[in-house]
Each structure stands twice: as C-alpha cells, then as structure tokens.
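Let me give you the structure first, and then I'll get to my questions.
Think of it as A, B, C, D and E in the order they're written, each chain with its own count starting at 1.
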C-alpha cells in the first residue's frame, strides 16, 4: 500500500521533475544565448525557480524557500540593477557573445560528456530513498552546532563584502 | 691541543666576514681605513693560517685536525663539522695567501667604478666561502660555502669587469649554478643511500656500500657540479668569458682558488665516497681531461687576447689535474693537489701580470703589444718566468703538477684500462709541448721584439711597490715549491693515501 | 526517482554556466552564468543530502547560497567600478595587461 | 777523497748560486756580474778537477778488463715522497760523470772568459752571464744526477737557457723565432723523456734511480716490452735534444744566439745532453735494443738514426755560407757519430768523442766568434765578408786550423782517437754498414772543414773583411782559443794505445757486469780512417781548384805538396770525388737534401706550428665558440624563445584564460578518471 | 517547541582554541568602528590599530603553543594543532608585514585606509580559519573569506583602470574556480557522505574511491587551490592581477593568499585524500613541472618588475608543488614531502615580501615598475640594492640566503621518495632553478651594473613602516640561510602526518 503510494508519488514526481527540468534546460540555454540582457535575467529566474522546485522534490523545503528569497528575491534583482547601472541596452544587442563561443561550446560539451559518463558510472541507477523531510530545525541545529564556525565566518564575510563593495562601488 | 685550536679553524673561516662587516661600517669616503681594515683582516686570517700550519700534526696528515663538530641543522642531520687534513691544508693556506696578495695588489689599482668599500667586502666574503669550502666536512656545509663564492664573484665580474662583463658574469653564475643544482641532488642521494648523514668522513666509511648502479648516477650528479667548476671540457665555456671580463683581482681569485673548488670536490667527496662509481667514471674523466689539455692548448693558440689565453690555459692545466685524479692512484692525486696549488700560484700570477699589462697599455690584444722587455723589463722577465713556470719547467712549481700526473697515468688504479691511460699519458705529454707553444708564442709576441708604433713613445712604468709586494711571495713560492716539492707532498701524501685507500686493496 | 536525474540536470546546468562564463562578453551575463554554476552545485548537494539523509548537504547548500549572494554583490561592485572608468562592461576589451 | 766525490753536488750548485747572485746583484757590480760567473765556473772547474783526481785515486775492484771503480751514489735529501715512494735527490759520480764535469766546467769557464770580451757593451751583458751560469748548471745537474727525475730537471733547465740565450737579441724577430724553434723542437722530443722516465719508473719497480734502472735492465728483470717502450721514448728525447735526424733543424737556426752560446751549446751542454743520456742509461738501451746480442747487429734505431744524421748533416755543411752554420751542421754530424757509436756498442768511443769533440768544437766556435768579433765586423758570412784573414789574425787562424784538423780526424789530434774508436766498435761488433757510413762521414767532414778554413782565412778579403780593418782579438778571446786548441791537439792521447786511461776510468760496474765489449786499438782501422780523412781534405782542395780558377791552382799545388805521399791515390780520388761525390754534392744531392731539409723537415716543423695554429683557430672559432659555447647560448636562447611563445597565451583576456583553464580541467579530469578506473 | 529548544544544544566551544580567531574578529570590529570615528587626517591610527591587533592575535597562539596538544572540535571539522598554529602565526606575521608595507602606500595614494585595513584583516582571518579547517564546508567558507576581500583589495586603486582590470580578472576567475571546486566538493560529498576530511579519507582509499567520479571530484577541488597558488595552467590571473593591483596587495596575494591555498592543499591532500596518490601524484607531477617551467620561461621575457615577480611566484609555487607530486610513495617520504612544502612556504613568504617591499620603496622615487628604471640603483640607494639583491638571490636559492634551504628541502623530498619520476622532477626543478637565476640576476645586473637611466640620483626615502618590513624580511632570510634549523624545526612540527 505504502509502496504503491510511493510509486504513485514517484510517477508524479517524475512528471513534475521532467516538466520542470525541460523548462530549466531551455531557460538555462536561453540565459547564455539570448541577445537581450534583461531577457537573460528573466530566463535566469525560470532556472532558479526550477531549482527551487527541485529542492521541494528532494524534500528540502527550507532550502527551496531560501532559494526563492535569496536568489530570485535578491540576487536577480541585484543583477537587474547591475544591468541598469551599467546602461546595458535593454533591448536586443547584437554582440553579447565573444569570438570564442565555439571553443566555449566545445569545452562545455566535452565537460558535459565527461561528467555524464562519470556520473552514470557512479550512480547509474541508484534510486533516491523515499522522501524524508529534513526539518528546518535540524538544519538549524546543524548550523549552530557543527557548522557554527563557518556560520560565523560567513557573517564576517558578508560584512566584509558589504564594506568592500560599498567602497569599491561608490563614487569618489 | 690548546684552547685556541678549537677555534682556529672557525676563525679562519669567519674572520673575513667580520672584516667585511667592519669595512661595511666605515663611511664610504674613508677609503684608507677600508683598505687598512681589509688588509689587517686578511693578514690576521693569514696569521691564523700560519698558526694552523704550525700546529698541524704532519705525521698524521690523513686525520682531520682542528676538528669542530657541532649542531647545525638537526632536522636534516647536518652538522657544523669542519676540519682539515693534508689535502685541505695547502689549499686553505693558498686561499688565505692569495686574498692577502689581492688586497695588496688592489691598494691603488681599484678598477672602475672604483668603490673600494664594496670591492673589499666582496673579496672578504669570497674568502669566507673559499676557506669554508676547504674546511667543511659536512656535505651541506660544503654546499653552502661552495655556493657562497658565487655571488661575490658574480658582482666582482659584473660590476668591476670589462666591456662584456654582464654577459660573462651571468654566464659564470648560470653555469656553476646548473652544476650545483645537480650536485645537491647527488648529495641528497648520498644522504638517503649512505645512511642518512651528510658527514663526509662517515660517508666515506659507508658510501662504498651503495649499489653500483646507484653510485653511478650519484657520481654523475656530483661530476656535473664539480666538473663545471673545474672546468672540464666541454663545460668550460664560462671560464674564458669570466676571466677575460673579470677585474684583475677577480681573475686571480677565480683562477687561483675557485677552480680548485671543483677538483677539491672530486678528491674530498666524489671519489672517496663513491669509489666504485669513480672507477667506472675514471676512464671518461681521464678522456675529458686529456681532451681538455689538448683542446685548451689549441684554443690558447688561437687567442688574440692575453687574458683569454691565460684562461684557456687554465682549461689545459686543470686537465692535468683531472688526469691525475682520474688515475685514482696516490701519485695521481698527489699530483693533482700539487697541480692545484701550483696552478693557483702560477696562473694567479699570470693574471696579475695580464692585469698590470692592461693597466699600462689599456689593451690586452696580443698583436698590439710587443717589446715589453724593452719598456718594462722587470715586468717582461716576470712574465717570462711565469710562462716558464706555467709550461711545466722542472724546478718551478708547475712541473710537479704535470709530471706526476703523467707518471701516474702509466699505471692507473687496478681495474682501469692500462692501455687507455697510457694513451692518455702520451696525449698529456703532447699537451706539454702545446703548452710551451702557446705560452712562448704569447711571450714572443708580447715581450720580445720592439714596442709597436702606438706605444713607442708612451711611458710604461715598470713594476711598482704594491705590485712587488703582492708578487714577490708568489714568485718565491713558485720557485721554492718547484725546487723542494717535499714541502707540499709530505703534507698531502698521507691524506691522499686515505682517499685512494679504496683502490689500494687491488695493488695500488 | 533516480539520483542521477538530478545529477544530470545539475551537470547540464554546470556546463551551460561554464559556456556562458566563457562565451558571454557582457560582465553581467557572466555573473548570471556563474549563478547557474552555483545552482548546479546546490542541486548536487541537496540531491546527495536527500540520497544519504545528510543534513550537511543542505547546510552546505545554504552556505553556498549565502556566499553566492556576497559574490554577486562584490562582482557587481567591481563591474560598476570597471564601467565607471571605461564606460563599458565588455570583458573582451579589458585586456590592457598581457604577456 | 770520498768526501770530495760525495760533495760533487757543489759543482752544479755553484753556478746556480752564481746565477742567483748575478740576477739580483749583477748589475750593481763593477763588471756587471761577469766576474761572478767567471769566478763561479773557475771554482767549479777546480772542484771538477779535484773530483776527477779523487775518482782516479779511488780504489778499483775486480780483475783485468773487469776492473772498475764503484760509483758513488749519494743521497742528499728526500726530494719528495708520495704513495709510499721515496724520491731522493742525490748525486751519482762515476767515470762518466767526472769526464763530463771536467768537460763542461772547462768549456764553460773558457766560454765565460771569452764572453767577457766578446759580449762587451751588450745591452744585456748581465743577463747573458746569468743565463750562461744557469745553462752550465743545468748540464752539471744532468751529469751529476742520480735519478732520472733530476735528469729531467737539468735537461729542461738547459732548454730554458737555450731559449733565453738563442733569443738573447730578441729585438729581432728572427732571433726569437729561432729561440722558440729550439725550445719547441727539443720540447717535442721531451714528450719522450716524460714518457720514458715514467715507463722506466714503473718498470724498475718504482724508482727513478738511474743506476738501479740500469742494473735491473741488464739483469733482465724488466719486461722487454716496457724496456723497449722506455728506451724508444727516451731516444725520442735524445733525438730532439741532440739534434738528430729528423729533429736536427733547430740547431742551425740556433746560431741566432751569440757565438759563445753556440760554443757552449755545441761543445759541452745541451746537444751533448742527449748523448750523455744514452750513455748514462746505457743499460736500458743495451737491453732494449739488444745492441750487443748476436744476430741483432745492424738493426737498432740508435745506430740507424746516428748514421743517417752523420751523412745528412755532413752533406749540408757543404752548402752553407754562414761559418757558424757549417760548424752547426758539423756538430750535428759529429753527434751522429756519438749516437751511432752508442748504437753500435762503442760506448767508450762515444763518450770519448764527447770529450774530444767538446774541445775542438768549442775552439772552432770561439774561433768563428773571434773572426766575427775582430775580422768580419760581426758578420758570419764566409762568402761575403771573409777571406784572407789569415795574415790579420794568426792566433785565431792557427787555433782554428788545429781544431779543424782535429775534427777532420788526422792522427795524433784528438778527433782521430775518438772517431777511430767508434769506427773500431762498429766494425768489431758486426755493424759493418755503419763502419762504412762512419768512414764516408769522416771524408765529408774533412772536406767541408777544408772548405770552411779556405773561405774564411784564405783567398781574397771580401766584404767586411776588406772594408773594415781586421785585427787579432784581445787575450780574453785568444786565451781560450789557445787552451782549447791545445787540448784538441793532445786530449786524444788519453786513450791512445798503451795508455787507455780514459776507458779504464770510465768503466763502471753496470757495464762491466753487462759485458760491453772493449776493443783495442787497431792499426787497420786507424790507418783507414786517417786515409779517409786525408782524402777528404784533398778532395776539398781539388774542388776549390776547379771552381776558383787561377787562385785555385795555388790551392791545388799546395795541397799536392802537403799530400805528396798519397800521389797514387790522387787520381783515383780526383775521379771519384770530383765526378761523383763532389759533383753530386755540388749539384743535385745537396740541393735536394737542402730542399728536403728546408721544405720537408723544416717545413714539417714549421708546418706543425702553422698547422697547430690553424687547427687551434678552427677549434676555437668553430668548435668552442660556435658549437660548445653555441650550445650553451642556444639553450639560453631557446629558453627565452619558449618564454615568448608561452607569452602569447597570456593575451590579457580573462575569458581566454578561463577557456584554457576549463579546457585543461576537463581534459585532465577525463584523463585522471580513466587512469583511476583502469 | 521546548523540545526543539532543548535539542538546540549550545555546541562545545573551546574558547582557548578559538582565541586567535576571536581576538582577530574583535580587532576587525574595532577597526571598522574606529574607521568611522577617527578623523580623516589621522586614518593611520586605524592602520596602527590593525597592526597591533594582528600582533595581539599572536598572543593566544603563543599560549596555545605553550599548552600544547591537539584540540579537535566539531567531530574533527576544526582542529587546532601545531600545523594550524604555525600557519596562523605565519599568516598574522605576513599580514603585519603587509600592513607595514602598505601604510604609507595607501596613505600617500589617498586610498581608503580604514577599509583597507579592515578588508586585509578579514582576509587574514579567513586564512587563520583556513589553517584549522578540516572539513569541506569550513575550507570553502574560509576560502571565500580570504578571497572576496582580496578581490576588492586588488581593485583598491579605483581610478587606475589597470587596478580595476586586476580586480575583475581575479574576481571572475576566482569565482569560476570556486564554482568548479564546489562542484567537485559536492561530488566527493556525494560519494563519501561526509564533509570531514579525516572521515572521508578511509572511504576514498577504499574501493568506493576507485570510481572515475571521485577522481574528477578530487581534481575539481584541487583546481581551485591550484588557481589560488597560481599553478600553471591556472595561473593566468596572477601576472595581470599582480601588475594591476596595488603593490602591497600584490605582495599579500603572492605570499599570504598563496600560502593559504597551499595550507588548504596540504590539509586536503595529507588528510582527506591520503592514500589516493594514484590520483594526485600524476596530477601534481604535471602541475609542478609545468608551473616551474612555464613560470620561469615566461619570466625571462618580462620587463616589468612586478610582472616578473608574478611569474617568479608562479615558478616558486611550482617548487612547492614538487613534494606533493612525490609524496605518498612511502610513509617517510610523506613526512619529508610535507615538511618540504611547509618550510618552502615559510621561507618563500619572507623572501617575496622583502622583494615587494623593495619594489614599493623604489617605486616611491621612480614611479615605475619597469626593470630598466632600476638602472644604477646601487649608486644612489646602496642599502635598498643590497636588500633587493639579497631577496632576489634568496629567491634564486643561492646560499647563504634563505632560499637555498627551501629548495634543498624540496630536492630532499624528491630524492627521499626516490624512483625515476621523482628524480626526474627533481632534475627539472634543478634546471629550472638555473633558468630562474637568469632573470633574478638580470634585475641585480640592472641595479649594480647599469647606468642610472635619467641620471637622477636623489636618494630614496624609506618610511619607517616599510623599513621595518624590509628589516623583518631580511633578518628572516639571512637567519634561515645561516641557521636553517629554526625553520626546519617548524616544518617538522607542523607536519600533518607523522
């Protein structure tokens, strides 16, 4: 019964994953190929949202929330600001790519091949165990116990980045 | 042993450094004081050398004396181990002696761009390196001192040298560094294969146990380090450039002491520690040595520049030294040590002369010189004397480096090919004729005849005060050692026998 | 679900990100491509976290998110700096030092 | 008396001291140092004579022909020791030593005296005497040496001094060229000395001691191969030093030096050193070349070289215009006699010839010097600047004639006895071919000396002899001439039949032991050689008669008067000599020989020099500078080139960097993955 | 809720062990605040404060060293051992020296001074954390903390397009490589299910580790640090960034940042990936050989002294990588390899800082980084010339200056490991050290043997901070050269695997 339910869920998950993945793949490709900077940012939103959905599928709700908040809410906005501040053409612009795009394509495709082969070799048909929600509290505990030092370090890092970015970016 | 004995050798090595620092503290303008300090330092060091000479136990010259063995770099089991035996003593003394003479010679001869302060400091630092190399009984200590001479010499050539000095100085530096990079690898291999120690006496006892194939490789590394310094054909090309461009005093020190570091390395380190490999390498070393003898001589004949000629003659002379070493016999190595000292005295003297000639004529081009005996007879006769000494005239020091080397190659150590070494003997003997050829031809062109038109009316002053003071001891020693070689051989013989001990078992 | 579904997706995003970083002229677009790479990493981490019930994976992902934010901030600051001096964010023209 | 023998080292030491004193103080002395030289050699001479007396009074051992005196082999000090070998510095005194000491010190003393006048006013008067002293000491060191190593010392000191003295007037390129040539040529031979001494050192079980080496060589303890090698090598040195064919060409050139030097070189030092070396190391040569062995006779290199040299040099003496060159070739030829003598086993004869030759050759050279000093105004050209000097310089003339005749080998005079002994040895020991060679040489010697005397002192005065005013030389010059001429006249009697003092005194234990044969005076040989010499002289006169027309008639008639006894032979000689030998000598043979000498032999010698320089230039310019050094510089250059190629990748574009990085990363990742999963 | 609150236990904190970090963080905050308070003309006080703070942070390190022992926290994720202490102290001292060098530079250049100190301190904090980080997350975070301020510091000369460019290149490549590293970390995490190095070590060396994906993961992680230490072919940023960045920052990057990269590598290789030398030995062999050779060859053609030093530091990294390539063949070699890298790093820091200090001092007069501007320096600034000569020849490895011992240790590790590959690498290193001499000597040649280019012989004034930096560096360089035992001992002490 439970097994059946799980299987049903699995099918559903797979369908969702398939759809989301498809849109992510398309959107990701558009991010790096579109000739409009703003469009690129918007495609990026699609990818990031897809990632959040994947997190949900992986039963990591907290991360999914953080993903939406930080990435879509902050980072993309930041990037759009950046686009504005650097007066990038809002509309189409012909040359957003440099002259080594073919080399880049070869490199990344090759990399993809290597990674695909190795991933397949390692986890060929390993199934994910039935979803067990990892509670936010556990994550929190972990952060404040095992990973308290990295946490503190990140806080200083953010402070430093803030101070530095202000100095760097400000007019004088 | 009295109290100072423990310190005497350390003092010999490091006193020049103290002198260098003192010279460094003197204001730049007070040149007399700088010179005085340098002279006094070098004299004190020489006095220390005399003390060593006096206290040395000649009956036991194969043993290390004035030994000091203290902690230094425990992490790699390297110790501050110094000591001298019959092989190092003469070379150490030579180094001290030459330094004093160089300081005296420089007195009012400082080459452009003058700056006696820096020049004297470099000279004293150089002495630290030279003395240290001859005293070191630890491979790492040896290495440090061996390399310590590079920098001062580099600057001496590069700053105070001739027109092409920058090229020459860097060439000298790169060449020697290349050799020492491989040499240090050899030292390390010795360390790991020879019982985790850098102590030379210990390694001499244990080195024979290393597998033959490994020995061969290690020896190859050491060979590169030492052969470049000697320099042996075909690693000699730095030498003519360095000598030609170096200031007089630099050439003298280079010829008299620095080249000896290489041959000394063979005798002190490569051969006694790796006797088996030495035996396998000896025919090749001998071959390169005789090639060097002939090749150096031929190159001399082609020279138009006085200093360059003397430089190439060093290649030939060091060939004799290396031939002696390659025989792996007591005779050969005794000859080598004698040859080292003799070459130091004679070629050092020749470079002094070349320097003085250049100073007077502002050229070293042989074809522009001539009639030196007319204009400066004393200078000319001294040049002739040195040429004779250099070509190995019996009764002068040079002979005792050449003849025993030839003698010994008639019967090399057991296991070496007699026909091959006898062939080397004949080639080396032919080399003596070549030596006469280039030296006398040089002498004829510079000293004989009448002055060339351009110098016909220029006033050429003869040998003056500082020159006499600097040269007289050298000239005297050339004669004394030549007439009574026992003075040197009885110091070296015992120590040499320990070097060749490994080959003795088989009949030598 | 297969673990590899996520891993392949991540690998794909990673490679697309790499392509973007290598091929895009506009500095802002390059920053976006870098975000793709970091997201690929995060998918990996979260997928492994789910695969092995490992909290550390999620925590790691969180740190990556936080630091990604800081990186983008700094990156934009630098892009602005460049823009202010050169009036362009074309990376191919930023090549005054070479050799 | 042994004290004297043991202290024979003083004899070479005194000239050394004299050298040092002259060098350092000579210029400040009233006579510019010459007094030290003369005094030193005087003392040495006295000591030599005393030593000789001591030797003679030494008690002989053995019986009859085997009767000999033990040599004094005295170690002075350890020269050095290494590798368990103690090399001593010692002296060895025996008959040969004593003989040589006397000859050398005497000739040198006389040369010193001669030079005080001859070199007067020379630019380097002091230097000259210093070198002269050192030169003498070199020879004295050689002859007193107990070890081969000491011999090398003396040998090379002579080489040095010959260089200094031949090139004494080094302002002229020709003089310094000659000095260099002498030094190189002898030095080339010295390869053999170094090798030979080395070989014998080991063959004799590590000793340099000459007596020991001789002993072992004669004992048959040495391997024959080593002996042969050692002896051959030493003989190469002898060829160089004693100017034997084919290394004789330096000697005539060496006439560039002042005449007293020539006298010293030719009579007592330098060139004689080679002969002395063979005589001293005779045990080695005797065994190595089987000189005394039956059946081997006629085929040993020493005799062959000596024989060739006799003829070659004698022929050359005919065509020289320079009086000193005539004498020089004559010396070469006479050295050939000595060498040949040693080669044929006539040891005593050869040594005796050294002894006698020293006096008359020194006399001749000094005579020539006297002529140039006072007669021909510093010219040595007989044809251009001499002639008719007999009446102006009677003492010089007569001493010259006496010496010439002694050289030609007419009876009673010194050369006769010594030459005769060599010929006797050759004949008796089975070296018949060399006997013939010796006889031909004797004839030629007589003839060219006749020519020389004629051209110098007779006939019309020419050139300088006519223009300047010839006069007799002062006593410092004529004195030595008289002494030498007297000795040339009488010294041969020392080994005259019935007397034979010389041979007995020279016999030492080594040779007694080896059984080197002694032959007694034979009238047949004596008569034959005398005859031959007279024939030579006669032929000389005949030749001049034919060539010089009217003046020649008196020449011939005078000869006819002098040689009336041999009228019968006259016709025979006339035909033989005039048509064949002299015709040949005048015509193609000497020219060919001279051409051969100048162009081939000398050409080889000079060519070796030129060739060596050419090779040297090639080695230096091409091999050293281009290949060896080029490789070094090339390595540096290619390193720099590599650097600049690599710099291209650093194109300044950050994304290119990233592309390379990712490309490399992807490829390396794959490679590593494959390696690991393999 | 209560249960949850109870479950949220306060972690065990060893405050003593964390004291250096805490002090430094405190100083960081004080500097930030002080910067706000202090008057614009007296900003140097902030710098001095930062300097005092750095030195103050050394005190707890000393007490920790005295108390001894290894303090491990969070399941081995954060460890304070001798290795950590040695490097923490080293980073603090390097930071202090850089601060000394930069004080006048920043002040006279009219750059933001307080923030400079702040960012520098944060970066140093990142390094200090790195020294103790023994799990992937900590390493990642520490890496970012030390990098991100450095990206900005590189662009600190805001009006200089070159500085901007330096910053941009460094930033972009840095972020990209950290992305690659993260991807690799995620893979390794996926295989081993842990982030703690000592826990993943046995898993990696087991059969599990023999999958291609592990090799790729390990390699990707190493890439980031290869980038950080500017190993060829991940070095491209270095010359451009070094040239464009403010010189003290360049010194900082080439010394402290590089050391931090090596610290991470040491920890990863000798703790996490121990036993997997089948993966990293060939990798490091190629990296080391390429790095030495390319760095040296390209350096030959440089005309700008900073750029030359950049390539030189690339090449130096190659020597430091040599022991990595040869370690692992046996336990003994492992130890000597680690020691070699550590000793080299420490000595290299002193030599390179010194060289950059001289460059800063000379640039005060010549306003140029061209090597030709060093012509005849000996004639008007003999002291600086002497110092520069010492540093250069120390870098070249000429005894008795410190560098020889560093190179010696590297050679030693290679020969200790033995085998043809190790010896071949040693020979390559040897040949490279000769090539390197050429360009080091070239600068010396210019200083000693060439004429003064514009005949301007006004002496160079060296501000006290810079002088102190020079003094510290030269004393260390000479002291090590003459008595290397001191550093050799540190190297032994700091070795991770014993």
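By our rule, a residue touches a chain if its C-beta (ideal position, glycine included) is under 8 Å from a C-beta of that chain, and two chains touch if they have at least 3 such contacts.
Computed from a prediction, not measured in an experiment: that's the story for all the values here.
Among the remaining chains, those touching chain B and also chain E are D. The minimum number of touch steps separating chain A from chain B is 2. Of all chains shown, the one whose average CA position lies nearest the global CA mean is B.
Using the mean of the Cα atoms as each chain's centre, the chain most removed from chain A is D.
The greater number of contacting C-beta pairs, out of the two interfaces A-C and C-E, is seen for A-C. Of all chains, the one whose Cα centroid sits at the greatest distance from that of chain E is D. As a whole-number value, the distance joining the C-alpha centres of chain A and chain D reads 104 Å.
In whole angstrom, the spacing between the mean C-alpha positions of chain B and chain C is 64. Taking the mean of the C-alpha atoms as each chain's centre, chain B and chain D sit 38 Å apart.
If you average the Cα atoms of chain D and of chain E, the two centres end up 78 Å apart. Shown for chain B are the residues that touch two or more other chains, namely 174.
Multi-chain contact residues of chain A (touching two or more other chains) are listed as 98, 100, 103-104, 107-108, 111, 114-115, 117-119, 121, 123, 146-147, 150, 154, 157, 161, 164-165, 168.
Listed for chain C are residues 7, 14, 17-18, 21-23, 27, 30, 47, 51, 56, 59, 63, 67, 70-71, 74, 77-79, 81, 91-92, 94-99, each touching two or more other chains. Each chain pair that touches appears in this list: A-C, A-D, A-E, B-D, B-E, C-D, C-E, D-E. Those residues of chain C lying in contact with chain E across their complex are 7, 14, 17-18, 21, 27, 30, 34, 37-38, 40-41, 44-45, 47-48, 51-52, 54, 56-57, 59-60, 63-64, 67, 70-71, 74-75, 77-79, 81-82, 85-86, 91, 94-99.
In the complex of the two chains, the chain B residues touching chain E come out as 71-76, 118, 140, 143-145, 147-148, 150-151, 154-155, 158-159, 165-166, 169-170, 173-174, 177-178, 181-182, 184-185, 188-189, 191-192.
Here chain E touches chain A in the complex through residues 4, 7-9, 11, 18, 21, 25, 28, 32, 73-75, 77-78, 112, 115, 118-119, 122-123, 125-126, 129, 137-138, 140-142, 144-145, 148-149, 152-153, 155, 158, 167, 190-191, 211-214, 216, going by the rule given at the top.
Taken together, the chain D residues at the contact with chain B in this complex read 77-85, 149, 152-153, 155-157, 159-160, 163, 167, 170-171, 173, 176-177, 179-180, 183-184, 187-188, 190-191, 194-195, 197-199, 201-202, 609, 612-613, 615-617, 619-621, 623-624, 628-629, 632, 636. Chain D contributes residues 655-656, 659, 662-663, 665-667, 669-670, 673, 677 to its touches with chain A in the complex.
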